[in-house]
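Each of the two complexes below includes chain A, the first together with chain B, the second together with chain C.
Here is the complex of A and B:
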C-alpha cells in the first residue's frame, strides 16, 4: 500500500466511524483530529485497533499520541514507518 | 547522561517562526507589543499583590517573574532556557526560605547576622540538592530498570523523612514544595526518558522540575515533559506571551470568583435553614474548585511568559455535557497523565479481551491509580496519608459514571462535527439539558466528596428535604442558567495537554484587542474597590471582605468554637491548605488552660496555670480565673465587678496586663472615681467559648460568692453561635442542666427534635431556630438573678475586632434590643474601634480573629468612659448599693 492508499483508507474510516454525514471535502490530510476533540481517548483506541487490523502493524501505548495521530498525514506517516 | 538522547525526528521547534513578508512591519510593531505585554504583566503582578491573592510568596514571585521576563526576552535564544532554569532556582531558594525584602533589609541594617541570613537559604538549597540528586539518578549510566529502582528507593526514603518532618524543623517548609515538584513529574520524566520522545539536557531538566511558579503552589498541574519541550517557542513570541497574559488574567478572575464563593456561599452545614441554603451549600462547595483552576491558569500563563506555549489546563468544566466530557475538561493535564501512564498501557495489554472489557478494566485501573496518587499527593502536602472510604468511593463512583458513558459512546457513538455551523437548535437544546444534568450530578457527587463526614451529608439532606415553592423556582432558575451555558458553550472543544490547535486553525491573533481588554480589566480591578467605597460607602464592608484574604464566617466560627479540636481534624487540614495555618505552639495551652466539668458549665479555667494562648503568655489565678490574684472575700472599701464573657474577654492572645478588664481596673485604681471606695476590682470569670447560658450560670454558681457590686455580661454579635454548640456538647455528653435551666433547655430540645445520638452538625442545625429564644431567656435570667442578689446588672456590647462576615450591624441591633427588652442597662462599646480604618489590624492573625493588644486598649478606653458614666457619675451613684460590703 502506498501513502495515498493509506490516507484514503484512513479518511474513509474516520468519516464513516466518527463523522457520519460530514462533507468528505471538509476532512483534509491536515485537519487536526486529536487537538480539536474529534478523536478523544476512546476514539484513539478505535483508530489504533483499525490500524492494527487493516495494516497489520502493532502500535505501542506510547505511540498513541498527538504527534502520531493528530492528522491523517501523521497517521499515514506512522503506518509507513511501522511497515518499513 | 543528561544529553544522551537527541532522537526526536521533528523540525527544530525552538526557532522563532516569522514570515519574511511580515519582518518589516514587525520591526516597528514588535517593541511596542513587547512593552504592552510588559505593562500587562506588571499590572497583573500589582493585582495579585493588591488583592492579596494566594500568598505573600506569590506576590514576590510575580515581581521576580516580571523582571525575569524582561531580561529573558532580551537574551539571545540560546541563553533563554538556562536563564529560566537559573531564575526558577532563585525562586525556589528565596520562596522556600521566605527571603523577602524584610530579610535583606534586616541583614543590611545589622538586625540579622550573616549566619542568620545564610540560615534562610538552607531549606531552599537542601531542596535543590535533593532535586538535582533525583535528576542525576534518572541519568545514571546503568540499566533503565535499575535507575527506576533507585529513584523509587530514593522516593520511598524521602517519603519516610516527609512523614517524620518534625525531625528536621529547619527544613520543614521544604517538603511540600519538593513533593509538588517531583512526585509526579519524575514519573513522566522517566516515561519519556524510556521512550526517548523528547530532548534531554541539564537546563531542560532543571527548568522542568523546578518550574518557576511551583514554589507557591502545592497543587500544581502535571506538566507533560514532552509537551514542555515541544511547545517551547513553537510559534512567534507575541501570541505566546499574550496568551500567557490572558491565562493569567483568567486565573486572577477565577481566584476572585473563588473568594466571592468562599466568603458568601452558605458553607456551614450547621446553619443551613432552608432547601435553598442546602442547594447554596452544594453549589458553593462545587464552585470552590475555582481556586484550583484559577491557580492552574495562573501557573500556565506564567510559563507562557518564558516561551512555554502550553495548552489549557481546564476547559469550561462546569458546562461538561457528559461524565466523560467532564473527565476530559477538568484538570486536562491530570487526565492525560493517567491516560498515558495507566489507561493506554492497560488497554493495549488487554485489547485481545475485546474493546468493552479492555475499556472497563483500563478505566477502573486508571481511576484506582487516580485515587492512590491523590492520596500520595495529599501525603506530601499534609505529611500523613489521606486514605478513607469517602475518597475511595468518590473516585469509584466517578469511574463507574465515566465508564458507563464511555461504553455508551463506544457502542452508540458521540456526535462529532468539523463545522460548528452544523449544530442545530435541537442539538443545542440537547447540549443544554446534558450540561444541566451533568452539572447537577457532579455537584451532588462533589458535595458528597467534600462533606467532612457522612453525618454532615445527612444533615445537608435533612436541610434540603422540605423545599418551598420559592426555593424550587430559584433552583430551577440556576438549572436553567447552566442549561443556557451548555447550549452556548457545551460543545466547544478543548485542547489536550499534548498540544494546541495549529496556528492556522486558530486564525489571526488579535493582539491589540486582547492587550487593551486585559489592561482595561486590570485597571478596573485595581481602581474598582476604592471607587466603589468612595461612591457607595455601604460597600466598604463587602469590599474589605473580598479584598483581604481572610477566613470566611464558617472557618472563623468553627475556629472560635474549638470545632477543629472537638469534631474534625480533616477540615483543619483543608483550612491549613488555605494558607491560614497557625504556627507550631500557637495555642499549645488551649487544652491545658481549660478543664472539663461534669455539669452544665462543661468547662472552667484551671487554677494557677501558666501557659501560652494564641501566641501570648497566659496565667490563671488560684481562684481559676484568667486574672490577677484576688481574695475570695471582698476587701473593705472595695468596689468589685465580675466580668462574664468568652475568649476575647478572657484576653486570648494578649499578655496578662494587656486585657481590657485589667487596663480598666488599673485606671479605676489610678483615678479612684468614687470617694467611697479605695480600691476597685474586676474579677474576670470569662471562659473560652462560654455561651450566654454558661455565662449567667457561672455568675450564679461562682460569681455571687465573690460578693460583687456589679456584674458585666459581655456579649458580641457572634456569640449566638456558642449556644447551639454548648447545647450540642451537653447533649452528646449526656449532661442535663437542672432547675430552671433544665426546664428551658429540655423544652427547646424537645421542640428541635434532637438527641445526643444524632450527628453533631445536625443537632446544631436543628437548634438554630431556638437560639434567639435562649438568648432572650438568658438576659431575663441575668436581670432577675442580679436583682435577687442586690447587684447591678450591666450588659456590655463588645464589637468584634473585625467584621469579615458582615454580622456586626444586625447582630448588634438584635442583641441590644433583647437586652433592653429584659430591662437591662447597656454599655455599647461599638465606637471603640471607629477610629481604626483597617479593622484587620485588630485581629491577632489571619487564622485567629481574637483581639490584639491595641484592640484591648481601645476597648478599655471606651469601657472606662462608659463605666464612669453608668456606675460612678453623681446621678448613677444612687443606684449603687449604699454601703460597701465588708
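Here is the complex of A and C:
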C-alpha cells in the first residue's frame, strides 16, 4: 500500500464513521482532527483499532497522541513509519 | 476533634499522619499531609489579606493537582466557597460562571489568564487574580504566594469554622436555557455523604484512592474528602491519562490503587481496550461507579477480568450527591440483560416517588424519584425561581425532584428507567440538550436546531439536526469546530444532519418525536 492508498482508506473510514453526511472534499489531508472536536478520545481509540487491523501494525499507547494522529497526513506518516 | 466543616478533615489528618503522602500526581509530584495543610494555611492568609470574607466565593481554573487540592482547602479555611471549573472548557463559559457567582478572587494557571481576562473585560468584571505558573506538587502555588508575600506580606489569619450550613462549594452543571447553573452545596451536605462512606467502605490510611473525576464534577467529593479524612493517599489521574485506557490500565496496576471511583464509561473502555489480563490488580479492593447507566455487557466483561474487588453502583444527581447505592452481588446471572439497579436509599436521605402531579404513588409503581435529607442542595445560585421549581410544591419538607423515573423492585432496590426531561448523561457528564441547541443558534447561518440523544448498548450518541437561513448545507467539520469553541468537548454532537427545515407539530413547534425516528 502506498501513501495515497493509505490516506484514501483513512479518509473513507473517518468520513463513514465520524462524519457521515459530510462532503468528502471538506476533509483534507491537513484538516485538524483531534484539536477541533472531530475526533474525541473514544473516536481516537476506534481509529487506533482501525489502523491496527487494517494495516497490521501495533500502535503503542505513547504513540496514540495528537502529534501522530491530528491529521490524515500525520496518521499516514505513522502508518508508513510502522510498516517500514 | 469534632468535625463540623470539610477543611477540618485535612487538619485532623495532618496532625495524625503528618509525613504520610496526602496527594500523588500522575506526573510524579506529591505532597505530605503536613505540607498540604501548611500550603492551604498560606493561601488562607493571602485570601484574607485580599479581603475574602466568610460567605464569599473564590474561583479555581487549573488542572487537577496538589496545588488545586491545597487551593480548595485554603479557600474554605478563609470561610469562602470554592467554584471549580473545567479548565479545558471555552474561556467564555468559564468567565460566565465566575461572573455569575461573582467570585472575589480567582486562582488561575498563567496559560489560561489572558483568555479569561479578555472575557472579563467584555463583561466589565474585574476579580482579583492569583496567577500560578503551571501546577505540580504544590510548588507553583507556593512560588506564587511567595512572590505576593515579597510585595506585601500576608499576616497569619485564623481558620474560619463557619456554620456547617454555610456553602462549601458551587458546582456548575449544564443548564437547559443555554447557560450553566450553579448548584450550591454546604459543608453539612458533603459531610453527610462523606461520613456514610466511612461506615460503608471502611477506608484507612493505607488506602490509595483514585481521583479520576475533575474537581467541577461531584464524584470528586468522595475522592478528596473521604481519602483525606482517613489519612489515605489520593492519587490524581491527569485528564489525558484518564481518557486513555491503553495507558491507564498499566498505570493503575503500577500505582497499586485500592479504591477506584469513576463514571462507568472509562471502566467500560478499560475492560475493552485496557488488556487488563496482563497486569496485577490484586491491591484493588473496591470499584465504585456513578453518573450514568453501566452497560451490562461491559460490566460483565469488567468483572470477568477483575473478579476480586467489591463493586458498588452509586446514584445521585449533583443536587443530592449520592443518595442511593447498590452493592453488586458477587455472581451476576449469565442471563441478566437488564442494567444494575441503583439500589436502596442512603440513610441520610429519604425517598418519595411521585406522579406527574407530584402526588405520592403506590409502592412498586413507576414515578419520579424525589429525595429529602441532609445531602440535598441549598439551591441554584441566584436562580430563586429555578430553585423553587426543583422542589415539590406545597410541602413542608424540601423534596428535591431528581427528574429520574424509577420503579421500586420487590427487593426494595430502585431501578432507573429514564428521564422526564431532556437531560442526558454521557460519560458521566450531565448534558442538557437545550444547552447544545442554544450554542448552535449562536451560529450566524443556523435558522433552526434540534439536538437528540440515541442511547444504545455502546453509549449515548448525540445528533444535531439543523437548517440554515439560506438553505445551504453547512460543513459538518465546520459545525464540530464551531461547537468545540462554544461548548466543552463532551457536549459536541457526534453526528449532524442538515435538513431544509425541521419537521413541525400541528402547533408549529419542532417535532422531536418525528426527529427521533430519523436516527
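Heads up, the rule we're going with is that the second predicted complex is superposed on the first by the 84 of 84 C-alpha atoms of A that agree within 3 Å, B and C clash if a C-alpha of one lies under 4 Å from a C-alpha of the other, contacts with A are read in each partner's own complex, and residues count from 1 in each chain.
Everything below uses one rule, namely that contacts are C-beta pairs under 8 Å (C-beta built on N, C-alpha and C of every residue); 3 or more make two chains touch, one makes a residue touch a chain.
This structure is a prediction, so every number in the text was calculated from the model and none was measured.
S.K.: Taking the superposition as given, does A:70 touch the first partner, chain B, the second, chain C, both, or neither?
M.R.: First partner only.
S.K.: Please work out whether A:34 is in contact with chain B alone, chain C alone, both, or neither, and reply first, second, both or neither.
M.R.: first
S.K.: Could you pull out which residues of chain A sit against chain B in one structure and against chain C in the other?
M.R.: On chain A, the residues that contact chain B in one structure and chain C in the other are 18-20, 22-23, 26-27, 31, 36-38, 40-42, 45, 48-49, 61-62, 64.
S.K.: Which residues of chain C touch chain A once you look at their complex with the stated criterion?
M.R.: So the residues of chain C in touch with chain A come to 243-247, 250, 269, 273, 459, 473, 475-478, 480-481, 483-484, 489-490, 492, 494-498.
S.K.: Give every residue of chain A touching chain B within the complex, in rising order.
M.R.: The touching residues are 17-20, 22-23, 26-27, 31-32, 34-38, 40-42, 45-46, 48-49, 59-62, 64-67, 70.
S.K.: Which positions of chain B touch chain A when the two form their complex?
M.R.: Chain B reaches chain A through residues 10, 191, 195, 197, 226, 230, 324, 328, 339-340, 343-345, 347-348, 351, 355, 359, 406, 409-410, 413-414, 416-419, 493-496, 498-502, 505.
S.K.: Sort out for me which residues of chain A touch chain C in the complex.
M.R.: Those in contact with chain C are residues 18-23, 26-27, 31, 36-38, 40-42, 45, 48-49, 61-62, 64.
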